[in-house]
């Protein structure tokens, strides 16, 4: 024992369990996903629709609690091709991570894009949510398996600039 | 030093809160801003306090910006500490002359995690955390040493709990409250000896918000100005075996710097999560037996971690503002066994 | 949103095996523990600290004087845990205690397996119960037992 | 501002992927002691400590500064812990400076640190709550889309990022403390390095480092007595804005523009590119140099990439940026912002060794964090303001 190597490092495992609460606005959104609907929220009529909603309109800090359904189609406002592995991420590498401005929403929504060659991914591309099978729908963003191209003509960048 | 006055204070405390931090903060910020008489955009500086580990999510304070009026961009800072230290940073900022007013907020959710285990991560990560001592046991070790040194009894501790719970009845924001009998409490089993349930804090979820300003603005506010007459904070060494756990030298130094003893203290609001800690802090602050402590019920009845220190200062402010006393001391604590303390002396005009 | 739905809740687990490099002081302390020996370090006032601190708690000066201590010691203070948690060192009621090892001045926090709280007192003598296969770490000491148990 | 503040001591650790030779206290202390040595002071001379780091989850210790109190000589003193995401190293220093400006303390020690090897930054940055799906892989996953948007807007040539990376990696060879020092670095080596998050290549990304950086600050009369002439603080600025909202320009954020405007106004700077001699800017991914040149007003909007192309940001250019090798060469997250400040101050004090720019009279430090939401900046001068 005496001539064993000195201890230079120790491993201290930490495992903490939390009972996470989603909050009111996010609950509306998540319950919508289980019904194949994308529900955003706004602070009042004429105000921008936030998806996913976090409870407030960040520009005004007014409560954004009015539920508004948006479409499951949208436009890629920006993207990245992910080629680096990361813990907690389940997609096969490489994959396209896209920020989608859903039709009817005022802020972009991050998800993955599939059924599209990586070299074709571009800003302005029209996409649609691919939902999981009805019996797999849950109160989770994973109810949307991925986004895929619709084949519609691209939206010119100038129209999107505000949202990048 | 420039005179700095408190313009308003608002709080939200609940045993368990299902809203997210944005949803909790938003109405409390609105209430405090409205009561300050200032428009949100006219408040020069913003500073917040919170801890990522309570929720188990890094950067919780980043999302909180949605609910606190951060557009157009604000001069803002965040301490990974109780909001009382955010108040300190804001007070310093006003002292520099760069700003005239500040919004301070803090939030904490103790309910999502197993707090006893979460707080073990605050101990020595090499030699102590892996034994997973829960916070109540660590406080119990301190309590036993204190009772032995001071000659106080478990009955003295129970009476602190009885008094705090009774006082909390008048505080609509208090989470635990009611009429209890010391003898009956003492017949209950120990939780972590020598502490029983009544000696340990009732943890809560919530937020606190305060608005402060320099003298000219504070005087225009209309209601009785309440001034921050002294504010200071200090820290003791971390190792539990190294310090005298029966005393809080950091609180003592801070009390001296904040000039607690310069004049008569009418009452105190002390962030003492455990009954015996109130007695340790009473000594450190040099408070006589006649000084009323924690008319709000204190952190024993409502401990919204990372928010309850600022909450005590806010409670003291509200009491003075409403005319119930002229000079008060408030204390916020952090770390195990009162390791770090902030002392704030408030005075009504 | 008058008919706000019941707010969703779900389990969230934060888990990581943090790897801690030790530096010279903790490395020596844990290596000694692996060899079933306690060592402390002297602070600037000549007090022996266990676990060893890298720096003087009051002045921040570097500490270098090692002193063998223990293995036995006495209880300075304790708190009785009647309902142990899963992560805690023992699965039956036990005490967390500050233990002053023989030759040390500052006490060390560890668990004491006494069976019942009545057997504990200030000054009670304890001895370490070593792990079957010490690996170098505070858990090389499973807990302390009352001496002569 | 009422009271002047000077930087009189600077200390940094050697940055490395894994500083397995030290504990957390040992790491932080290495920087603190070097800063004290530079100022010819000891812990006893320090009135207060202001410390910053990014999320506690990186090390798995809650409020680690409480555990570190004696290692950093804070016993019996005020100890403040700042956390403003990636900008924290800068904002920590700003808070420490405000203690001197306010006349509250005479000498303050400020420290930024991170020991990322205790866990894994990619884990720490992708912790996501239930009901979500992690799609954004680490910081690169978040910032790569912004770079795409920048390219789309500005028409910047696609090798802009490679050029910045080459410049920073060459500068790092002149800085003995830098984590990544690649002796045979050249354009092709960067261009051929693996693409991680399009358009960010491996060698266009910051590493994950262990390290700490510390500064000793002092009030005017004490700073004048320092063994090495101080870098005077001419101005500090901080701004924050929400993460995501309709119409938010995340490529050229308003908070950054406002902070820069505030800094220049306080520092009486009318033409930053002319009047500031060099700057250390927070560039964790190569393209951000071009983007921040615009945000900081060194270049007109859409033309930041031209400064990179023209070599203006090189060590011998008219606006040297990241002489130390920058965040691309050493990234201990909680320290990174303070390193920017410290390196900018070292340029004023003539302490930058092989990466020293001649005749620096004014320099700037910059940090940002969150989703390009948090900004902190500092302007230093050789002369008093």
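As written, the chain order gives the labels A, B, C and D, with residue 1 at the start of each chain.
The rule is simple: a residue touches a chain if its C-beta (ideal position, glycine included) is under 8 Å from a C-beta of that chain, and two chains touch if they have at least 3 such contacts.
Computed from a prediction, not measured in an experiment: that's the story for all the values here.
Undergrad: Hey, what chains does chain B share as contacts with chain D?
TA: Looking at chain D and chain B together, the chains touching each of them are A, C.
Undergrad: Roughly how far is chain A from chain C, going centre to centre by Cα mean, in whole Å?
TA: The answer is 44 Å.
Undergrad: Report the inter-centroid distance (CA atoms only) between chain A and chain B in whole Å.
TA: Distance between chain centres: 37 Å.
Undergrad: So how far apart, in whole Å, are chain C and chain D when each is placed at the average of its C-alpha atoms?
TA: 38
Undergrad: Report, in whole Å, the distance between the mean C-alpha point of chain B and the mean C-alpha point of chain C.
TA: 29
Undergrad: Residues of chain B that touch two or more other chains: which are they?
TA: Residues 18-19, 53, 56-57, 63, 65-66, 70-71, 112, 117-118, 121, 124-126, 129-130, 237, 239 of chain B touch two or more partner chains.
Undergrad: Going by the contact rule already set, what residues in chain A reach two or more other chains?
TA: Answer for chain A, listing residues that touch two or more other chains: 8-10, 12, 14, 16-24, 26, 30, 57-59, 139.
Undergrad: Taking each residue of chain D in turn, which ones touch at least two of the other chains?
TA: In chain D, 20, 23-24, 57, 59-60, 70, 74-76, 120, 123, 127, 129-131, 242-243, 245 touch at least two other chains.
Undergrad: May I ask you to sort the chain touch graph into line, ring, star, complete or other?
TA: complete
Undergrad: Show which residues of chain B lie in contact with chain C when the two form their complex.
TA: Touching chain C: residues 18-19, 56-57, 112, 116-117, 124-128, 130-134, 136-145, 148, 189-195, 237, 239-243, 245 of chain B.
Undergrad: Touching residues of chain D toward chain B in the complex: what are they?
TA: 1-2, 23-24, 55-57, 59-64, 66-70, 74-85, 91, 94-95, 98-99, 101-104, 124-125, 127, 129, 237-243, 245, 253-255, 258-259, 370-371, 373-374
Undergrad: Can you name the residues of chain D that touch chain C in the complex?
TA: So the residues of chain D touching chain C come out as 18-26, 29, 43-44, 57, 59-60, 70-76, 117-120, 123, 127, 129-131.
Undergrad: Hey, which residues of chain A end up touching chain D in the complex?
TA: Interface residues on the chain A side: 8-9, 12, 14, 20, 22, 26, 30, 48, 50, 57-59, 77-91, 97, 99, 106-108, 110-112, 123, 139-142, 157, 161-164.
Undergrad: Chain C touches which residues of chain A in the complex?
TA: 1-2, 4, 6-24, 26-28, 30-31, 41, 65-67, 139
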